[in-house]
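Following are the structures in question.
In what follows, subunit A forms one complex with subunit B and a second complex with subunit C.
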Partner chain A sequence: MEQQKTFVEDIERTLYDIRNEDHSVYKTERGLTEEIIRDISRQKKDPAWMLDFRLQSLEKYYRIPLPVWGPDISELNMDDIVTYVRPGGKMAGNWQEVPEEIKATFDRLGIPEAERTSLSGVGAQYDSEVVYHRVQKELSDQGVIYTDFETAVHEYEDIVKEYFMKLVPPKDHKFAALHGAVWSGGSFVYVPEGVHVDIPLQSYFRLNAAGAGQFEHTLIICEKNSSLHFIEGCSAPRYNVTNLHAGCVELYVKEGARLRYSTIENWSRNMMNLNTKRALVEKDGLIEWVSGSFGSHVSCLYPSSILHGENARCEFTGVTFASRGQDLDTGATVVMLAPNTSANINTRTISKSGGAATYRSAVKVTPGAKGAKCLVNCESLLLDEKSRSDTLPVMDIETDDVEIGHEAKIGRISDEAIFYLTSRGIAEEEAQAMIVRGFVEPVAKALPLEYAVEMNNLINLELVGSMG
Partner chain B sequence: MTETLLEIHDLHAGAAGREILKGIDLTIQKGEVHVILGPNGSGKSTLMNVIMGHPGYQVTEGSLTFEGKDITALKTFERARAGIFLSFQTPEEIPGITVENMLRTARQAITGKRERIFGFRKELKEMMEELQIDPSYSERYLNVGFSGGEKKRNEILQLLMLRPKLALLDETDSGLDVDAVQIVSRGVSKFHNGDNACLIITHNARILDKLKVDRVHVLKQGRIVEEGGPELVDQINRDGFGHIKETTE
Partner chain C sequence: MEKELFSTLPVPTWRWLGVNEAYLPEELQTLPTPVRKIQIDVPAGQHVTQVIANRTEQRTEITAHVAEGGSLQLVQLQLLPSDKAGTCSVAVTAEKDAQVYYTGAEIGASRVLAQVKIDLAGDNSKADVAALYFGDGTRSIDLNYVITQTGKKTEANMQVRGALQDSAAKIFRGTLDFKAGSKGSTGREKEEVVLLNEGIRNRSVPLMLSAEEDVNGQHAVSAGRLDNSRLFYLMSRGLDEKEARKLVVGALFATVLERVPDADLREEISREVEERIEHGQR
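This part shows the complex of A and B:
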């Protein structure tokens, strides 16, 4: 019965850590030069406007300084990051055609199995390129588009041109500029007016090559009165060199549409996760973010919701778990621009074994947002003395006619609670894991089932040292 | 034939460098009910906590033997798995963990066997009915928002579901009204049989109504100062602790 470890200094990540030989067919030189950008663009057969876009972004990247707030990212040396790594083989529409080794990796992570059982479309990205993409025929018959981003640039060029990096312009910050210059892979989803995609679509991002960057672009457009649940999963094996993830997610939620965007991020502990996610929500639209941050060395992640139309709503649910060697700075941003908009932010952060977790949020209520409602609830749990937890909720309210609620709590696991559970025969680590699971439970409820299971497994990995 | 369940030998224990228990000797046989009486601050709860292995207390001398095995160095969960159970005087509130989830996890930890959800749920429901606990409480978080009486009944529910060999009941009857004491008392007598034993701290003789008390120990300033049969309970209820002299070595 007793197979739990007594103390877990660093977790077993065997499942995520299996790394494959680097069989990529093409790699750029290290560092970032105009020549590299032209190279990437040529490889991708970009249209001319896209090459221009990349080069302009590169200019901005050179000019914009690193952010002066948030976690320390000085150890990131862009010259050491290989920006573009293309795996062997072509993109497949059939799982059997995916190269064996890559297939085995995704098999281990349960990706095709999830497709068979609970998803209506799946995309899988390995390093810089999408290796597999598939969507159910009923959906494509209704006009739903779900494809890798390179295909979208060629086949749906007008739509891409209209929306691509309009919500997150390269001038936004250094990593947005970098993304604009070197983006590769990602997903494009278009849901036509009135279409409801009842079963979730999922993209899984896997970074295998050492010292590489992943810069996938996700663009989702939900037309009027449509609905979609999109799930994004990420992982990478551990290397001793720094990897960089600077993806970009742009979500357009049109009038009366609903979009749920779920992420469980479990990058390895050498990853700098500097991702930018933003949603523009029109009248009566709803964006629901579900965000689980478990991996990476450093994360800066604050999905933002721009509530542009009347009655536009945002629901944000997040769990962050920082352990040894991790500095996870996560939260949310909401900008309320129209009357009767509402936002509900609900987060749980946990820090353990010297990990640092910061909750950071910014809510801006503009003068136009009469009757706006905003509720922020952020709770933190510290598992030991060595760890750190900070809460930085910023609110900028420019109208009187507004309802704002804010609740922040930082707590510890009480020794008496552990004694109570262990006196019932439950081992200490399991007791702690139960309390942590209980702490995140209100948030875990929002997750799709298989992700709730994965999250529980991750908590068990962290605290008990074994999978469920 | 008697079989020794718990043997406490010359137990000295304390917290934060202060000795609270100053040489306790106590032997409990299977099938017995023992009662500990004593004024406030005499070390009754400390004794319970030390038997359960509370990490806040240190044993400085002496030993605890359970079913012939020295458990002095065992951790709390190992003692629980060996068959010791503590009904807390003030049970902890633990948000996020339901009564059912905790009990099923605990049962599996103790027996080492997987519990089937439906069988377990049925058994739990029956026990809850017996203790007049609203069935919806199985889905509630452990003791969160429970009244004092509900917490105590929840302790007895756990006792009945986990079926330990030795039940330590720390003032399980305190703060309860007459009816609630009846329910708790019925629960304890339902639990008790020839294969297990109870060690009870009480200020209220009524919880003992349905039990046959074998031995009574009076604790004062960390020592057992008097021992006797069930008649001692009535005597102390009548006369208080004043007449009992502190023993000196």
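This part shows the complex of A and C:
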């Protein structure tokens, strides 16, 4: 077999790297001032309480220092970031009404195709605004609300006011405060009691403008005994300036409800991905996170699950693939507050071509969480000697009646396994890819088929060419 | 008075967990007596055994160098009075083919801070670390163990076993750090904690850092209370609950204790742990 030496980043990103000319109709000035925040709020026709909320968040943003841990984010200069970019055109409920150029982008990414074949609702955000939103009629008839966040602020103001940034308060950390000040776009989902949404809903976030930030807010409320699978996808073309993504996801899983939240993130490698995701799970509820991190220059992403009610459960499955120029710091946190809560965290990280992958986690068991169980399993694979892989878990246990287990492994693909496969006539590159695919199988299994295929393709493209 | 830093986690994490730094208790900052310093030099090809049973010294620093092919057996047993705070830091460098066997026991002191740093600098060097701790009453135990693997084909093994009762609190940070170039190295780390009643606080922080592909590292932590079925079995054989606890904790500590070369010291620690289980609040 002919050896392929091309650097994969240049091949596999073509689809994502197509950048459109910036035809935005409105942009804020670069940087972050009270005037800019007032400007964003005016553009979005915020109610007065939301403007106040933004201004208070801005104050907190100025006050809170940068974190002392994690990847180096010193290259991020907020004075260079445009926080609000409104694309041309209005939000459409019909794909044909979406401006041609934006439509072509999402067509290339396969979003409308996915809607036709496997989704019951789709939202697409381009820069700071949602450009397309649609949900199947059967769902709206059952009372399911799936809309862009701006519409929700106006049409479902009481619900938004009750839940918005209550789980991730702006004081939480610097980028939560930033989000509170400049948030724009995102999705609002409300699933009424007892309703099961059988086919997934999806939001796709695309950041086109250079030197811009995307700060979408996702709020999902699953009422008692309901269920939902929500998928988010993210991408952006590559620019030579730093782009910033500081989204916020707040998930409320009420008694007996189940929510699966899947993400395949493939931001371009000039992106700082500083995203905050948190779920509050009530009695007998279940949150399932499926998280694939492939893109971005720097990522800090640790979906957190607060198990608030008795028997609340969390399943976290994550895969992180760090390649050249990437520092991906990912993991999960779980806070167990009630009796018999349980969590299962299963992650795989891969580093190659000088990439750095860190698994970071925290499991906190409070004194009241009697009978809590938590199992963590993380495995890391290093594919060459230029790369780096770190594992940093913390367990904090404040009661005796627990079962806590943590296991981690770090290493490379064994020569024996490669030798065995090549002796069976499989080419070395393919043998390596097979082993990596097997390694990430727990994650692939948890994804819907189309996404599992996309993830496998990403892995194949990353690996071919790395040998020889 | 400004707080004095004693040890830090090699790579920091979230501040709210309170595990990034360990600061000296105030009573140790103003101690009239100087820090006791012990220097051990193991010449090439030689073996040295040093057993330190510390009952009085509140601050100890042990530095050791093990030359090529040498081996050091260092046993550090902290048996300070229960109303005193104490610190101990150990730093060992191992050259080519050198071996370090470290055994630690944290039994006494109201508040103890211990740091063990072993640098496997030479190729084929080896560190075998085993430690136990027993926390009861309001005791606070803060441990920071780091094995750095720099040489090729180094081998690290860290096993820590502990039990917590009453309202004792403990932090164990255990780091295996594979440096670039440590080809063919392996590292194993395991912490097992038995939680004897509610009211305790156990923090475990097992770190594994790797800048080298050709390594094999594993770490594991298990924490929980005494296995009910085992307890039930022992009690069905006529033991009361406290006796059963003593037996289970004794078995947990046995593999660490048997590395202590002095039978009297082994006996003293076992008896002390048994007595404290007997007088536990619950």
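Basically, the second predicted complex is superposed on the first by the 443 of 468 C-alpha atoms of A that agree within 3 Å, B and C clash if a C-alpha of one lies under 4 Å from a C-alpha of the other, contacts with A are read in each partner's own complex, and residues count from 1 in each chain.
Going forward, a residue touches a chain if its C-beta (ideal position, glycine included) is under 8 Å from a C-beta of that chain, and two chains touch if they have at least 3 such contacts.
Since the model is a prediction, treat every value here as computed from it, not as a measurement.
**Student:** So in the superposed three-chain picture, is A:L375 touching just subunit B, just subunit C, both, or none of them (first/second/both/neither)?
**Tutor:** neither
**Student:** Which holds for A:M78: it touches subunit B only (first), subunit C only (second), both, or neither?
**Tutor:** Neither subunit B nor subunit C is touched by A:M78.
**Student:** Report for A:L55: first if it touches subunit B alone, second if subunit C alone, otherwise both or neither.
**Tutor:** The answer is neither, since A:L55 touches no partner chain.
**Student:** Where does A:D401 make contact in the superposed view: on subunit B (first), on subunit C (second), on both, or on neither?
**Tutor:** It touches subunit C, and subunit B stays clear.
**Student:** Comparing subunit B against subunit C, which has contacts with more of the residues in subunit A?
**Tutor:** On the superposition, C touches more of the residues of subunit A.
**Student:** Which partner does A:W69 contact after superposing on A: first (subunit B), second (subunit C), both, neither?
**Tutor:** second
**Student:** With the two complexes superposed on chain A, say which partner A:I159 touches: subunit B (first), subunit C (second), both, or neither.
**Tutor:** Neither partner.
**Student:** Across the complex, what residues on subunit A touch subunit C?
**Tutor:** Result: residues 68-69, 333, 360, 362, 364, 367, 370, 380, 382-385, 387-412 of subunit A touch subunit C.
**Student:** Please give the residue numbers of subunit C that touch subunit A in the complex, ascending.
**Tutor:** 11-15, 17, 19-20, 178, 180, 195-225
**Student:** Of all residues in subunit B, which touch subunit A in the complex?
**Tutor:** Per the stated touch rule, the residues are 52, 54-56, 75-77, 80-81, 85-86, 88, 91-92, 94-97, 101-103, 105-106, 109-110, 112, 141-142, 158, 162.
**Student:** State the interface residues of subunit A toward subunit B in the complex, per the touch definition above.
**Tutor:** Those in contact with subunit B are residues 1, 414-417, 419-428, 430-431, 434-435, 437-442.
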